[in-house]
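Okay, so chain A shows up in both of these, paired with chain B first and chain C after.
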Partner chain A sequence: MAAPRKSTPTVRRAAVLGGNRIPFARSNGAYAKASNQDMLTATIDGLVARHGIAGERLGEVAGGAVLKHSRDFNLTREAVLGSALDPTTPAYDVQQACGTGLETAILVANKITLGQIESGAAGGTDTASDAPIAVNEGLRETLLAANRARTTGQRLKALTGLRPGHLVPEIPKNLEPRTGLSMGEHMALTTKEWGITREDQDELAALSHRHLAAAYERGFFDDLVTSYLGLSRDNNLRADSTTEKLAKLSPAFGKGDGATMTAGNSTPLTDGASMVLLGSDDWAAEHRLTPLAYFVDSETAAVDYVHGAEGLLMAPAYALPRLLARAGMTLQDFDYYEIHEAFAATVLCTLKAWEDPDFCKGRLGLDAPIGAIDRSKLNVNGSSLAAGHPFAATGGRIVASLAKQLHEKGAGSRGLISICAAGGQGVMAILEGA
Partner chain B sequence: MTDTYTQFVNSAFGKQVAGRLGMPRPAALRRYVPGAALIDGPVLVGGHGGGPLAKRITALLGHAGVTVVDELPAGGTVSGVVVDLSAARTPADLETLRALVGPALKVLAPSGRVIVVGASPDEAADDVPLAAVRRSLEGIVRSVAKELRKGATANLVLVRRGGEDNIDATIRFFLSGRSAYVDGQGVEVGPIEAGAAVDAADWDRPLAGKVAVVTGAARGIGASIADVLARDGATIVCVDIPAAGEALAKVANRNGGSTLQLDVTAPDAGARIVEHARTRHGQLDIVVHNAGITRDKLLANTDADRWKSVVDVNLMSVLRMNETILAPGALADGGHVVCVSSMSGIAGNRGQSNYAASKAGLIGLVHALGASADLHHRGITVNAVAPGFIETEMTGKIPLATREMGRRVNSLAQGGLPVDVAETIAWFAQDANAGVTGQVVRVCGQSILGA
Partner chain C sequence: MPGVAGTTAGTTLTFATSPDLKPMFARAVLNGRFSADGLPQTVAERRGIRVDVGHVVDYAHVCGFSVGTSLPMTYPHVLAFPLQVALMSRREFPLSLVGLVHVENAITWRRPLVPEDVLDLRVSASGLRPHRRGRLVDLVNEVSVDGQVVWSGVSTYLARGTGDPAAVSAEAPDVTELARSTGGAVWRLDEGTGRRYARVSGDVNPIHLHALTARALGFDRAIAHGMYTYARVVSALGPRVPAAGTSRVWFRKPVRLPSTVLLKVSPDARHAVVVPRTGEGEHIVVETTPARRRPPPTRVPNTRFVKS
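And now, the complex of A and B:
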């Protein structure tokens, strides 16, 4: 009789081996007719081609979308089945608002770290163009009541509940269900609270565009992006963006004279998808792939924005000290910071909070402020203000770009990722250059 | 790109119409199918003065399972004729060729093959009659190619001193369906470094275990090159500009290869290609310089930008990349470089002086590198194909009348397919073909242009 197999967890490093995304497109533009499944499939295919792994069975593929049709219940698995990967590659969906893309990478990395899988891909997709439109809630209830009816009479009676107003469909809104405020309106409250100026926001936005344009120019994205539907660069990118031009825009969020947030210093609705390839060192060596970076640790925080205790997008501020404590690091120990630019003000509020003694003591319970960062290490190849922000695709964009930056910087370099998400959540991760 | 005319004249009704009206009837060409016989039906082999090379050819055909005959079968057909004139001393000896090949043409099967084997005229030294007769063979082959019908082709193999044992891959190529659209061409086979292989382990997968890079692989001829090299066993690296990435990924994935997005004009393009091939696939054996662009304008009307971009992409980039690729430790010893030139580079083309400059320049490059003692010592071959009218997305955009003209003005009365160009490149890339270097083979159905 064979000895029973022992399944002892091994703990090892999970490597980022590369990434792929399609160029991000402003909604109702280049990808207006592409579905989440189309974009995710194309993105997986580009990832497979770049790494020469057609026909390969990966340990798993984790993906997701924030705006999702009900028919897309198995979105990532369907994308895998339509891709060049071995159809026996399992897949599942994750949904954590804008944190989706990073959370999938953390999940896959953790399984690799535990020795449960050798390889995996993680990412996400989102389309604000091909958005799900649902039938009117009144119509839905009436039809369900008719469906429950047992006799023709009961059915007819149920259908008499139909009203002309039921023709108006339910269109997804970028609103927090518990507050009724849009994300921009929430952010405007926080921006005002922290006194972030219009000038600072515009400067951050202009810098994001300049950094992204420069990165494209020097070929940084040659092995990170695959063209799609005729687009080979993010079409939100304005290479000639300046603070002067941005200063001319009217505020879009907030009220009155104090309103500082414009379409220029907020991310637009965007379509796109991204994926990263992860693996163990052994799997990478077997496939002659070079690890770019390793996952060190991650932390997700959530805040009570509903009762006004904290701003909607401030959760990363709370995740950081927990993450740093475990890693035995300070905020200043990093070579690169990737702070997702949901709005320019989000980045600036978060940075300001970490510098603020009262916030750090009162809210985070720290003896001393976390402190400032060297801004020249922030979003060095541009971020969401320039590239755009297809919700679930942003995490994969950042992980792949940062991993490449860290690999270029050298082994042992460190990078921090911070992504705020709807529902008052924030996902952070530390990567180390390989 | 459907050639409607060829389809029509090969239909039952179309055959009658074309026959009555004396319209040309382009034949459906025999193309290579993996695993199929080298050539169906018997091949007549003969030669002058005992045919010193005919013996080797008879042996290799026997090995390939081909029936070899030394005279025409009574009442039957032959699928090919191979005549060895390498021992011809004077033009009077050409009678051997006439007596053997002439009658055979009357019974040559559709998509039949005529191969004339001779010695290189360049090596006749001061023996004038010898130089004359050796050169005569080219005239004969070019004329026979024009005489042949039903998809049959005629080609010339010239053997340089010491190249006698290296002809197998070339004879096989010209007999097989791989050379479907190569007609009226001559190839020189020369000596190789001792120890180089001239026999493929598996003639159906002659590139097994090799790593090949194809530039401009996203579409058209480049995509076909990637497909054919992969079919022949190579691991392929598909290179194209980032803007072509979506199509490039499809080509790589269907062939189990990898993509490398770069602009071939980037200063580090060669280094990135070598690094990718060696890191991801362990080695680099074959490089196909296929990437190319056109910016057509009459020289009188063109500008510096149009001029420069074509010369940069099509020629300068190849010169620059070769510096890295051919440096020691990059392309493996015994490796192969193939450039994609063009008939425009040979014949010239109105409005394409920049394109012709670049494509003719590639021919100059190939001749120079083919003569390099260093590359010869390392067993590296450098050759070029020069496609004629090939049915692609690009030629599909040519106005109908011009397109029909382009298609018909060749001995096979039809355009070639991207796969025809790819097959010729794959043959250049075989190790068994190590004796062929510095050569330019036109894949043009013997176009009258630049003949």
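And now, the complex of A and C:
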């Protein structure tokens, strides 16, 4: 334990001590019937087993899911109660679309940094298979009106509002409520605006598959992934993926000749969960755990995509200069870049924007462009195009993998994480190798 | 051939897949009681079982288990049960299948099973003995992986009839105090409980399915499967169930459906009891004992544990 102190915040480093995830599965496949709570509980238990912390009370567990049943209001706490952690470990849910997993890690890391807690776990889960289907809105309103009625007559009158069409359920949609466009349709607009070619997108996708397959082959995931329901690898992974094969697919988003985005260079709907273990140096030492990396800083940005000023998934482009300014770094100072591949085009648009003098001056207010990155340092162990993207689980996957990469690289190495999210948001973080 | 005893080599029935229980129950209802005296030496086997993960998830959700990396501790029982029925519905079996009451069950496991394990299952009958209210018999279920028994279960059934007042049998631990303690989790079990468990367990004994079919067999309402109520207790114990150990259950008083019952667990999780929310008595009593020796580490493929 840290030495007793008066309640003045002490700022110290929060370490990433390890991670665990279950293999990601394409939706309606291997995990079709598994619930978010099942997957999150199994993932926490794997984290506990790997780090020998059964029965420990952690400072807190932060988790979440993007697609969530109303009965799962206390999802993470319920998962903790079902896990091998001490049941007196507090927990809470976070929802920031695809940024959820990284945001939970930032929250837990910040509390550790401030000395409020010594340890914590952060992550998320999502299932597009066991999705929350709700009753029809008309049926819901009619039933609520009947419930409010005080007399039998009023109740019967309310129930006369029932219509056959009310049997059609409400199914969750991947649509932005304010624009009525799906995320893919939004991305297609940005892709066109930045003139990203089909070839470049397919090349990035093929590389993601090859990198992920190579990482599995060399055992990189042996202490990051635990088999679940008979699956030992992400089943979206196509080790033999090539740009030639990807070039044969028809466009899935956008319209006409200029459409470039396909099912191959976009992430599929996926099921899965991930968790990372965080702690202070003292807590790590007490538990004989080795820090892999430290949280340096983080930044979240949002853009106004509703009135057309910016593309839905471009917020990370805006978060970066603010983050770099605080850290006193340039984009070229990093050893690794983890840019979440919502779509291959998202990564390519963001990189192109940082190289563009007009964008950097006009939109970001910078004197000079941020510049290009060494692409050999990008998503070196594969990313979402290959692994899949169970929304809230992606952040934990990236934090754990990057922390391990940085630890392998050596103390002082630096890595950048960028995750775009629905609602025009983007979460970024800097990790430093321990 | 699926679901049919493929070969009867000597006294071993070998099944390629799980046998369908409906015709066996139907035959047993029609045939009634047989009158053989001794216990046959017949053994039922299923080898090389790869569990159907979809079925594991269905079973887990019906019984309240979270779907983890290992199988629910009670899951192998639903693999063994059809083979038990196959043995008990044979003409040579001395007791009538219909009317057998599951009174006790004991499971010993050396480690948690994982979906990757390839299971060999062997079921036999033994220990036919007198009881105060009839005769008892044990159905012994053994699950082996790579030739090692990793999970074994003993299901004890009572055939009600002329008993032996002098017969002595193992009694459940005294949990009167726990049963009378305040608090406990409330379980509201609806009328469909028996049908849902029948779907995942294959145990379509009519006494569990509907009040009408139960009435035909002398019960006023459908009753919950004992192994369902027991599995609910094990799932509620969750991480407090050790990685290796023995779990025994005594079925005291049927849970009539629908009903509301309470689960009470001792602070050390060694004892658990399910009692009616209102009224006297105990439905089931569960005793969990961790194994003395440290279990071998669970085989979780694709994982290297940093620490043990």
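One rule holds in what follows: the second predicted complex is superposed on the first by the 429 of 434 C-alpha atoms of A that agree within 3 Å, B and C clash if a C-alpha of one lies under 4 Å from a C-alpha of the other, contacts with A are read in each partner's own complex, and residues count from 1 in each chain.
Please note the rule applied: a residue touches a chain if its C-beta (ideal position, glycine included) is under 8 Å from a C-beta of that chain, and two chains touch if they have at least 3 such contacts.
All values reported here derive from a predicted model rather than from experimental measurement.
When both complexes are superposed on chain A, chain B and chain C occupy overlapping space and clash. Within the superposed three-chain model, A:Phe221 lies in touch with chain B and with chain C [touch as defined at top]. Contacts of A:Glu118 after superposition: neither chain B nor chain C is touched.
Applying the stated contact rule after C-alpha superposition, one finds that A:Glu310 touches neither chain B nor chain C.
When the shared chain is aligned, chain C comes close enough to touch A:Asp38, but chain B does not.
Of the two partner chains, chain C is the only one that A:Gly82 touches; chain B does not reach it.
Looking at the shared chain after the overlay, A:Ala49 reaches both chain B and chain C. Of the two partner chains placed by superposition, A:Glu432 touches none, neither chain B nor chain C. Between chain B and chain C, C touches the greater number of residues of chain A. When both complexes are overlaid on chain A, the residue A:Gly18 reaches chain C alone and has no touch with chain B.
Among the listed stretches 131-139, 257-265 or 419-427 of chain B, only 257-265 clashes with chain C once the two complexes are superposed.
Residues 42, 45-46, 49-52, 54, 84, 221-223, 225-229, 232, 288-289 of chain A contact both chain B in one complex and chain C in the other.
Residue ranges on chain A touching chain C, taken from their complex, read 18, 22, 30, 32-35, 37-39, 41-42, 45-46, 49-52, 54, 79, 81-84, 221-223, 225-230, 232-233, 288-289.
The residues of chain B lying in touch with chain A in their complex are 235, 238, 242-246, 248-250, 252-263, 266, 279-282.
Taken in their complex, chain C has these residues touching chain A: 53-54, 56-58, 60-61, 66-69, 114-116, 238-239, 298, 300-308. Looking at the complex, you find that chain A touches chain B at residues 42, 45-46, 48-52, 54-55, 84, 219, 221-223, 225-229, 232, 288-290.
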